[in-house]
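Pasting the structures in now, so scroll down.
Here chain A shows up in two complexes: once beside chain B, once beside chain C.
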Partner chain A sequence: MKYLIANDTSVLADLDNTDELLMFGQNRILNVESFDDTTTRIQIQGQRDTDDNDILTLKHADKSAAATHKVERNIIDDAVSAINSDSRLGFTVLFDALNNVKLPNQVLSGSSVTED
Partner chain B sequence: MHRTMNAQEKELLMYVAEDATYATGNQAIFKASDFIGATIVTGVETKTIFRFLPQDSSTGLEAADPAPDTFTLTHTANAHIEVMKGVASAMSNPHGGFVVIQDDLGTAYTTDGSSAGSAISDISYPPIASTGTAVSVSAVEITTVDA
Partner chain C sequence: MKTPYIYFGTKGYFNTPGVAPTSNVAALATMSISNSGLLPASKANSVDPATLGYRVVHVAGNDVDDVRGSLYTNDFVTGALFNDPDDSDVNQDDKFTGQVTNLSDAGAFIAGSANGVITIGDNTATGGSVGSDATNGFTMTTDDTVIVEQFKRNDAPGNGPSAGELSSAYAYPMCNFRGANPVAYAKTHYDGTVLDQTDLHFTSTVGDGTTHIIRVIHTAGKYPELVKTMEAIANCGIYNRAITFYDLDINGVETFAGGPSLSNQNDLGIVGCWRTVA
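For the complex of A and B:
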């Protein structure tokens, strides 16, 4: 089992609250869904409330624009690749706003972690 | 409650002890296959909580609002990500084994062996990536159904 980490907080001193940082196992992923033209979401089994779900919001370019219409398909590939990564370190950072880590087709601004 | 076994070639067990007195409820072993997830403790810059499926099924699968078993690490301020990375690396060993996450053995060395005068851990945490600040864990708190 490998583990995934996501952080939407870009200022170190601001790391202190809910809806900022999650770590979870690869098998806690529930689905990856299209939300709107610039948003794809990964839903995860909730931690604070295990019969609910946590959400990772991945922002990306506008898939309704001709020049970037494949962006959502590509970011789903990015996400699945990261989720299934057999990282030697034992973990994969999906995105980290503090350290400017993101999926190749992701836009960090507006990407977020939401806990239920 | 969605319950999924985390596939492990062999089980990995994580040991935590709150203090050197080893009173009832102050030590616990958690299984990596029971791991649910980890987050910041709400409103706290120095604590990360790790949640596991509860050993008492009356508070887990059958409960309307399941209460996980947990351990909470107190660490260098804002080092939540590095602490998560350290524990994730320890938990991901596919060959299983036994890992001391945190064993708080008191603050003063004693010649009778009851206190080493420091905490013991098998984990080496990376420094905070954005500042290079060294990361250490100073304490652990356990919450289980029997605590």
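For the complex of A and C:
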């Protein structure tokens, strides 16, 4: 089992706040879905309430624009690749605002972690 | 544990035979995300539905003279002129069983209906009122069928990327695939293909113990191939991207997984694919 980490805060002292940092197993993913023109969401079984979900919001370029209409599909592939990755560390960082780590087609600004 | 992911784009499809016109005007049943993947907003009568990403197609179920608006001259499927040399009338406004008319003009529709409702005017009214005139309207009978079909990704049908919280593309881990359920459909596409419906169930994305349904409308008898396709995707061993089952992009380009061989062709005859909840 590999684990994934997402962090949406760029302030080190805020890491213990609610809705900023989450670690979860790759088998907890419920789906990855396009939410609107500039948002794709990864939905995860809730860590505190298994009848609820945690949501990772991935911002990206406008998929309704002709020049960037493939971004929605590409970021889903980015997410799938990261989720299934064979990380030797045992975990994969999906995105991390503190260290400017993100998926290739992701825009870090506005990307967020929402816990159940 | 790694698992392949399956990707679904959206193509709304609403097949409604037996519409009963009232005073020659045919109001289709209300479309919804559940029954068709479509929820078009109330359309101004100046707007051609084609500009909104969907088309409204009429399929004649019997022979009646003088009912088709003069604007429509060619069969949508065959391209042939509507003039039938075997008919004594031989006018393009006569409908014959099986003829397919793409109601491609804004003037065919009566505006002011509620969201999700399309009303088709007749061709008999005088005065040229929109939706009911000899040019754009179509006087239907209950033997006819009307098909509303999305042909490109667009917000306007109600299932585009910006339509509130109605998403248009979903990727599910195959480990969350719960099963494929054939559902009675018994309808015919405008090209004459008999259709079936299969519901693909996945663990709900909100963790509430229910399932989400991807509804697939496809050529009749393809259920065995469809489930073999799902098995092939589940065991494909591809983990670095999602496998497209069906997709429809903003340019109208369709992508298919294909049948069990994953041929990337429309082996299943898919004409509609949508998630039944927003």
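Methods note: the second predicted complex is superposed on the first by the 116 of 116 C-alpha atoms of A that agree within 3 Å, B and C clash if a C-alpha of one lies under 4 Å from a C-alpha of the other, contacts with A are read in each partner's own complex, and residues count from 1 in each chain.
Going forward, a contact is a pair of C-beta atoms (placed from the backbone, for glycine too) under 8 Å apart; a residue touches a chain by one contact, two chains touch by 3 or more.
Small disclaimer: the values here were computed from a predicted structure and weren't measured.
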Clash or fit (per the criteria above) of chain B with chain C on chain A: fit
Which of chain B and chain C A:Lys102 touches, first, second, both or neither: neither
Chain B versus chain C as contact partner of A:Leu22, first or second or both or neither: first
Which of chain B and chain C A:Met1 touches, first, second, both or neither: both
Touching partner for A:Lys59 - first (chain B), second (chain C), both, neither: neither
First (chain B), second (chain C), both or neither touched by A:Leu89: first
Contacts of A:Asp51 with chain B and chain C, given as first, second, both or neither: both
Touched partner set for A:Ala13, first chain B, second chain C, both or neither: first
CA minimum distance (chain B, chain C), superposed complexes, angstrom: 6
Residues of chain A contacting chain B in one complex and chain C in the other: 1, 27, 30, 45, 49-51
Chain C contact footprint on chain A (complex, rising order): 1, 26-27, 29-37, 43, 45-46, 49-53, 63-64, 66, 69-70, 72-73, 76-77, 79-81, 83-84, 86, 116
Chain A-touching residues of chain C, taken from the complex the two chains share: 1-3, 5, 7, 153, 155, 160-162, 165, 167-173, 175-176, 202-209, 212, 239-242, 247, 249-251
Residue ranges of chain B in contact with chain A within the complex: 1-2, 4, 6-8, 32-33, 35-40, 42-45, 51, 65-66, 68, 78, 80-81, 84-85, 87-94, 128-131
Chain B contact footprint on chain A (complex, rising order): 1-3, 5, 7, 12-13, 15-18, 20-25, 27-28, 30, 44-45, 47-51, 54, 87, 89-91, 96, 98-99, 115
